[in-house]
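The two complexes that follow have chain A in common; it is paired with chain B in the first and with chain C in the second.
Take a look at the complex of A and B:
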């Protein structure tokens, strides 16, 4: 997947003109938020349930190396084969090699953000292994060559007419229709055929249970279960933070994930795989590979503050509540992870230099933090990234800020710490700020503050600041005039 | 007369001094004597938000020197209170003495409506207004401080006033300090939504407790809907506080 995080502003402009996405964004996030509220209301104590989730993920990340070892040991004992990949390249090569060794012409895939992150589909296609996405939305997005618009509904913004044309052209649909049920059926027939002959399936992992070596997937379409159970060879790709200590922990995280994501108490399908098909079992893959990919996570783990980002379980509650996502949708974030989730993850995975806008395009409103089931403090993370960027921090590839900005804050702080200079400074900048005052307001200003004035006025800077007025009040009172403002 | 220390945010000091004046009038009316330290400047929030931690530390130290001995500090802004309450202790991770002082100051910081309702136990300040108003839940007041009922109680107690609901009241107005200027495309869309919700609420007046939101929403109204007003709660509640609005 092409990384376009540096084209944020251009993409925002484009998406704000996209009438269809805009209309859609007015409806979908509020509906999902409402469903989430209803889902969460089935907990006897919502705050306690969320805090429990945060504690589980916090513990899992604190014990990450130990839990991964335990998971590997138990997965091996179950008969799975475990691979480790340092980065996307190693992971893609491993999967490609598995496919080549087995003479596989195509694979079916369950929706998996980590394989988006790895750019797996491009690598497979280039090397003669056709990847078929089997999640309906992901299938549409893949065929249209578009990135996911929303992590849960990747193609949820695509017009039904566009889906009709696509299915006529690429999914063997016989008669044109706009009926969603018929469209779904067409995709189902088309993909069933793929499942029928598939030799290798690739999915992500929602949770990996250390104490049992089990990998868990949640979904609503059944395509992941088919992808995991139809072929002889199953490859499950997990970024290394997916591990949780116990099955009990995993079950609570499933409760939280379903409710926070789609408002369901439980998704329609939950698949738990502990090893490949055993001798006395009638179905399941004959070989199960679990590929654990780092791709920058160890580096995140080593920074105690950044480590909190690894708690994320990709529920997308933060996207649905985010007022910025609600305006621009998922494309502008430029990579696999969008919304506040992407704003927290992408800078750590790609570097602060390539993601400048992601951790600045936020009002720090804290809506994301307020819904997060694993206790990520998004605004605090953004401030952390900004501070590292200002320092030009080499570990996170900070870029350093323009010298004009640095000079501004240098001058600013020398005034902030000296009230006389602060008040003198105010008197000095007032004529500059108030250059174009009319009717008590400023409607335009040259220089770095133009963004404000495009559609907004600013009150003129007061001839007498509160500070001045207070001094006047005090002197009047001293003369016995009593209090008046 | 009980004293309370007054912290006036930069936005109020420079652009919206009538909010500060209304705060003074309101407190005096309730029998409280506001004390304004003339040494006060800025809490440092712009530096924290821009990532300039070292500068922010200096601003925080100045603030703590000025306000550190006060029994209680009240401010007509939630985001400045959040800065002192939550960000100051974080700034001094490696300076335990300053951290201690910041942590001691934190629980003594109050946003105005919070101070009136939770500390003074006042709801009816004796104001009246014939008309419908609605209330914007500013992010740092609602989610930062958990203050939402307090301003509504104060509004509901105003004689003749009907508080009507605001659709998406909890949604950010798009201010975000430097965000509004640096990402105008997104910010304008957000404030436009906020204003549309205000217009469709049927209210005669939009009330809020955050000067930043007032600059943003008020600035948009001034340009695009000159007949419609937004107002800080202090001005709404103080006698003669609505003049010149």
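Take a look at the complex of A and C:
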């Protein structure tokens, strides 16, 4: 997937003009928030349930290396084959090689954000293995070459007319229709043929259970089940933070994931694989490959503050509640991960230099934090990234501010800590600053400070400083005039 | 060799990272289903599955199940079905039921290999009929252990899934079920599955569409 995080501002401007996106954003997030509230109400104590989720993920991160080893040991004992990859390139090569060795012409894919992060589809199709995204939204987004609008409904905003034209052109649809149900059915028929004959399937992993070596997928459509049942070969890709200690922990996380994501008590399917099919089974994979990928996670793991980002289970509750996402939608975030979770993850995975706008396009209101089932403190992460960026932190590729800004603030500190200098300065700049005052407010200024006025005003400078007024009062007092405010 | 070193390198980096202090887990109040009677669980199961547009019938015994099945077959116009050979269905003799009701009954064992089974289950079967190892009240969920007598595609590829479940297999919450599977079975089943209602999507314009890739309709017959 092409990384477009640096075009944030341009994408925001475009999306704010996009009537369809805006109409959609008025409806979708509030509906999902309402469903979430109803879903969570089945817990005897919602806060306790969310806090317990945070504790599970915190423990999983604290014990990460140990849990990964335990998971691997048990997965191997179950008969799975486990591969490790340092980065996207290694992971893509491993998967491509598996496909080539087996002579497969195409693969079906279950929705997997980590393979989007890896750019797996591009590598496969460039090398003669056609990747078919089979989640309906992902299928549409893939065919239209668009980033996901929402991490749960990647193409939920795409116009039915556009879907119709796409399916007529690329999905063997016979009769044009604008009925979403008929369109969905056309996609079913088209992809069904792929599932029927598929030789290799690729999925992500929602949770990997250390104590049993089991991988778990959570879904509604059935495309992941088909991808894990029909073909002879299954490849499941997991970023290394997906592990949880026990089956019991996994079940609680699945309860939280379903409710926080779509408000469901449970998604239609939760499939738990412990190894390949047994010899006497007629379907299911003969070989199950589990690919554990780092791709920047061990780097995140070194930084205790940043480490909290690895707790994320991709439920998207933070997208639906976010006032910024609610205005701009998912495209502007420019990569696989959008909304507050994208603002937390993308800077760590791509570097602070390439994601400048992401951790600044926030009101710091904390709505994301208030709904997060794993206890991520998004606003404090954004402030952390800003400080690292300003300091030019090399580890996170902070960009540092221009030296002129640094000089300005040095001078500023010097001025504000010396009364005589401050008073002198005020007298000098007041006429310049107050040149453009209208109704007591300055709303634009030329020169190095114009950026401030993109989204803010400044009150006009008072005609007299506090010191001036104080002196006046004192002198009047001395003359016996008393106070006059 | 290269794979090996990636593994070592990754684990090494994780192990040498700063350690994080761990506070004890907070309290988690038990779910309400844990204090339910069996009838209350059946009620909760039915209520939750119906919310997800599942259909639930309750019959007295196997004879009732077979009659209900015949009724469904007539209503849905079923001529050819794929049937699991699990322990629930084994007690029902569905091949004989098929003959009486003019429905061709196929089982995965009728097919010599994956490809011929796939042809039949994708293209010929109008419905998949299975038993279930568990039902879970908390969300109207079925639990299926996949093995030689419970092929994965039977409950997945056909547009209609009919599941027959003895009521004594009703459980309050997932943990009770998962303990029985992951705590007891050696080796573990290649796949353990929760099904909650039909396959669905809202991916085009948020319009709910049942039967995306799996069944459009799920019918559960509770026996007992």
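In this section, the second predicted complex is superposed on the first by the 400 of 485 C-alpha atoms of A that agree within 3 Å, B and C clash if a C-alpha of one lies under 4 Å from a C-alpha of the other, contacts with A are read in each partner's own complex, and residues count from 1 in each chain.
As a convention for this text, contacts are C-beta pairs under 8 Å (C-beta built on N, C-alpha and C of every residue); 3 or more make two chains touch, one makes a residue touch a chain.
Treat the numbers as computed from the prediction; the structure is a model and nothing was measured.
In the superposed model, A:427 lies in contact with neither chain B nor chain C. Legend: residue contacts after superposition of the two complexes on their common chain; A:181 is shown touching chain C, with no touch to chain B. With both structures placed on the common chain, the touch criterion links A:400 to neither chain B nor chain C.
After overlaying the two complexes on the shared chain, residue contacts for A:271 are found with chain C alone; chain B is out of touch.
Put simply, more of the residues of chain A are touched by C, taking chain B and chain C as the two choices. Contacts of A:451 after superposition on the shared chain: chain B is touched, whereas chain C is not.
In the superposed model, A:105 makes contact with neither chain B nor chain C. When the two structures are aligned on the shared chain, A:298 is found in touch with chain C, with no touch to chain B. When the two complexes are overlaid on their common chain A, residue A:438 makes contact with neither chain B nor chain C.
Against chain A, the residues of chain B that register as touching in their complex are 8, 12-17, 20-21, 24-25, 28, 36, 38-42, 44, 46-53, 55, 58-59, 61-62, 90, 139-140, 143-144, 170-172, 174-193, 215-216, 218-220, 222-224. Note for the complex: chain C touches chain A at residues 2-3, 6-7, 9-11, 13-15, 17-23, 25-32, 48, 51-52, 108-109, 111, 113-114, 117-119, 122-123, 138-141, 146-148, 151-153, 156-157, 174-175, 178, 182, 187-207, 209, 211-215.
Interface residues of chain A facing chain C in the complex, by the touch rule stated above, are 24, 27-28, 31, 42-45, 48-49, 51-52, 55-56, 58-59, 61-65, 68-69, 78-79, 83-86, 90, 94, 134-137, 140, 153-156, 158, 160, 163, 180-181, 183-185, 187-188, 191-192, 195-197, 212, 214, 220-223, 225-226, 228-230, 232, 240, 247-248, 251-252, 254-255, 264-278, 280-284, 292, 294, 298, 301-302, 304, 307.
Within the complex formed with chain B, the residues of chain A that make contact are 9, 12-13, 16, 323-324, 326-328, 357, 360-367, 369-370, 380, 383, 385-390, 401, 405, 409-410, 412-413, 415-417, 419, 422, 426, 441, 443, 448-452, 454-462, 464-467, 469-471, 473, 483, 485.
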